[in-house]
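First the structure, in the form of structure tokens, and then the observations on it.
Chain IDs A, B, C and D follow the sequence of writing; residue 1 opens each chain.
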């Protein structure tokens, strides 16, 4: 019993101090909120049942221990008929009670499921397509106007208070999209499109992670959902639609040349330059991202340098080519990429 | 061998009969002879020992994983090695430890509990063991040549397909499945036939011990579940080796289909593992409370219901793939129903403990441990049945915690109890009770310390199967705690092993029935003779050894100069005819070698299917070729 | 020691050639296993079939149905041969067993030959697409079973003809008939799936 | 005893080959990042004279399943399939064949990729790192069955339809 209460305490602590860490019991949106409410309902009810069942089990320990010595055999190895009848009643009662409780749980569960799935059906929704790749996320903001379609990676910006439809696709193996503070999982399955509605109540950065084993770097396939007030989101979006600014200093100009003359261009796209590869994340506004290598590392010049020089040590098995960059070329390349705000 | 005078005092002692039985049932000598054993005790013990070795292997893999996860950004194992190890751990525990261990106990105990001399098809039994051993060695051959599977034990496509798992790693895995499933299906077919046709006279259906019922249900589940996994693993294998398109979406195949087929097996698999364990619990509870298990009929019916429902809820492993809502409600409801049938059994055991005359032996300690852990695992199972909750905690450490609670709590704890309970039957000596209780407490504490924190980790968003995590995720302390728990668990395992080795040599001599238990295996000598009983007992009640000795009945008139057993009718177990079991034979072993050549070779070259089939055909003809005497004299 | 407490079984026969024999049951369960396997494969076939609009996939021919339908006739009749042999086995009639097994072998061989000829008209292999994979999985698995039991029947036939047989071999003939009924029986749904489903199953969506 | 030791040697050889097949050097050696010099001397084109034994550079990324599958991925990523399809050929020559214009040894293939060839094959030298060229070479040779079967994947898992199948079927004939 003590263990249970310790666990409870731990749960309470984690629910209060979780902040922006990914957590099921720290909801930041209506979907996650409903599920968290259902969770606590299940939790308390089942804890109560567990305690009752354990109490009965522990009670049997109070019966006298007969020891290993064999006593003379009795004729009947069962209690009196009266006792059996009594037991039968109790067990039947407990079973009926179990059925009733499970029925209640079923009703609540299905009800919550229905409510959650209907939450997104408003008409001011935003549609974002998330495509899974080994081991990063491509994020595409859908729009019927092609000039308003934005391609980004490993970060999703959403406006607070607006439902967002996430369309999920995969280019290689099965991944799973999961931002626990906002909603449960949805798998990304090759040859299929799955969908999920999410919505954030309050501004913040919510961490998500691939939840279906997808190979060597399953552990480092991280995604941030950045919820901002509508106006701030709009401003960000308009800025993100712009092509990359031309490098303004000699050193970043040199960096651009390094980028364009290396294998980088076969996989990465920087709008506004000739780099148009589609195999890796779009780097048009790389400098404004929070992390590199699908948020394996925070986006700092030092980390970026390490990542370019030796990606296989940072994230072994990932698909970024290890290229030979001269020591005098490295700093300009870093500066250039970091300047892509 | 001393006849079992103390349990069957009215058995006539006829030295000639015993000498005949000893001669007819003697094991053949030499290495060739050792490979030809067909007695169920020998085969069952081989299963148990082999499965235990793989439990140790899986345990070492678990410790390696826990060591890697003890600290954030740990580099003890790289991603490649970690993926290999967690896949091998899951595969080993499911296919090479849990199922074969349960089958080993079944092969050992069922004929004894039914009061017969051997299983119905002793050679098939031997063949099944060799197939299991070959499959296990095949997988571990891969492990030691750096070709351990690395795509998770359920090998979702396309990750396990030809492009994303290069080399032979997934092929080793898929073919190992074929080996072990052939073995499991052999065991299932022969156990059902044994239970249906070789019960002690008058052991009608409502007198079958609960453990035998559990094995019967488990065997039927094997018959219907294992073909699914053979299909699933064949999808992978043929896609990888001969370029079929069963799961290739580009050519009309479907990766979700693989999941459906796999989980149609995968969910019943769990019940295949723990239903026999529930049988252990029933046997232990009744022997150690010295009272029949309360609610025999309810227990049997709920186990049968468990078996049926198990096939109707596989989709709850796939909620995150996005299914129609009506399907979700149905599968939630069916998943919750398991809680009813399991609940009934828990209530019945508690009722039995409550009104029995308990002896708090180590075996009973493990039953209490089982109840605590299994009920908690059941609670989290109820949570996972709910679609919205499952969407949140699916594929996280919460699920890892859940299935270790139900599988270790539901299967390994009863298994430990079963070792303490039947060790005296198998070796003739009791295991040490003091070390046993120590063993229990270390395991119980270690287990909860390892797996309880994982619930919280899951809620904090830690996905399963990640080889490392950043410090800022905040998962460090609980992971550290879990790792400490894992090592305590390992110490518990070591204590158990020490107790086994010590008790085998120095344990107290047990006698035939040290627990004063009720089922027929305790009427045989400890350890049992190759023929189990000098005179086959009849079952005059549901607890045949609790009727007064002078009322017990036994069978005479079976010929002792050949391996003869009694076949009884299906429902009432009335004697129907006698049946002569074949003598030991090397052919099952040779056939297993031939099949192994076919299976193992086909991973590299599909033509081996042909060569293997031809060799197997030759071996089977040898197996079934008639030998003298052709006519059986009455 | 009281006489009533013993159960003498020495008067019982030491063999049995009927559904009371454990071997018969064992074979039944093996048939369960194979039946489940084919059922799952058929279910999988419909699962992928119902997800696509065009079936057979472009490039794949519709199956020819004439020859496989004709081949059903000897196949089903061959089961009668099996039945004859198993009844003869119960009565211990050597001539009956030889006749039944021979009829079985000849007809089954004819059906197999027709099947192998038919294979030449299938214009896709298992590497082509999902239909190819399923078609050849059905045909391959069933033909494997078929040939395996044919070989087993030939061996039994040789044993019976040689005259060196006893109750065990007679039981073998009886159980062999169970195997053969299964192989013939399971072929019917497979035949429908492989040869008729491309025609009769409506396109979903 | 002797047969036993022969058996053991065979087993360990088999094990070693398995090790190579399953080898996964995730981190390329620093010397394999840039490209230095030729892999093969093109002396077979030299007119007259006896054919000299050629110094052949062996592929350091040969016969490992992982490297072949990396080559398969890069073949698409660098758009080799744009001209060569999946080995069947298109704008460029097919790659599943026995007769090679510029030689089919690993070193020749390496040079072809690195230097380019007349009539359209661009030079990739200096653009993609050496280890990836070798991986692509390993994949191309696997298409011709010149890699151990046990290291070669049977088919791609790509979402696109496998053109090879359409090709094969086209020659076989009629629909409906």
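Simple rule for what comes next: a residue touches a chain if its C-beta (ideal position, glycine included) is under 8 Å from a C-beta of that chain, and two chains touch if they have at least 3 such contacts.
Predicted, not measured: the structure shown is a model, and the values here were computed from it.
Asker: Relative to chain A, which chain has the most distant C-alpha mean position?
Answerer: C
Asker: Which chain is the middle one, judged by CA centres?
Answerer: B
Asker: Please compute the C-alpha centroid of chain A, do the same for chain C, then give the distance between them in whole Å.
Answerer: 51
Asker: Distance between chain C and chain D based on Cα centroids, please, to the nearest Å.
Answerer: That pair's centroid distance is 46 Å.
Asker: Find the geometric centre of each of chain A and chain D from their Cα atoms only, then give the gap between the two centres in Å, rounded to an integer.
Answerer: Using C-alpha averages as centres, the distance is 39 Å.
Asker: Multi-chain contacts in chain A: which residues touch at least two other chains?
Answerer: If we look for residues of chain A contacting two or more partner chains, we find 172, 190-191, 216, 316-317.
Asker: If I count partner chains per residue in chain C, which residues reach a count of at least 2?
Answerer: Correct list: 127-129.
Asker: What are the residue numbers in chain D that touch two or more other chains?
Answerer: Residue numbers touching two or more other chains: 24, 26, 73, 155, 157, 159, 165.
Asker: With touch defined as at the start, can you tell me which chain B residues reach chain D in the complex?
Answerer: Listed in rising order, the residues are 78, 80, 142, 144-147, 158, 161-164, 166-169, 239-243, 245, 248-251, 604-605.
Asker: Could you please specify the touching residues of chain A with respect to chain D in the complex?
Answerer: Chain A reaches chain D through residues 171-172, 190-191, 216, 262-263, 266-267, 279, 310, 312-313, 316-317, 319, 321-324.
Asker: Where on chain D is chain B touching in the complex?
Answerer: 15, 18-19, 21-24, 26, 64-66, 68-69, 72-73, 149-151, 153-162, 165
Asker: For chain A, which residues are in contact with chain B within the complex?
Answerer: Going through chain A, the ones touching chain B are 3, 7, 10-11, 14, 18, 21-25, 32, 34-35, 38-39, 42-43, 46-47, 49-50, 53-54, 56-57, 59-61, 63, 65-68, 70, 73, 75, 77-79, 83-84, 87-88, 90-91, 94-95, 98-99, 102, 105-106, 109-110, 112-114, 116-117, 134, 172-174, 176, 178, 180, 183-187, 189-192, 194-196, 207, 209-219, 316-317.
Asker: Quick check on the complex: what are the chain B residues that touch chain C?
Answerer: It comes out as residues 10, 12, 120-121, 124, 185, 188-190, 192-194, 196-198, 201, 223-224, 226-228, 230-231, 238, 242-246, 248, 251-254, 257, 260-261, 264, 538, 550-559, 564, 566-567, 569, 575-580, 613, 617, 620-621, 624-626, 629-634.
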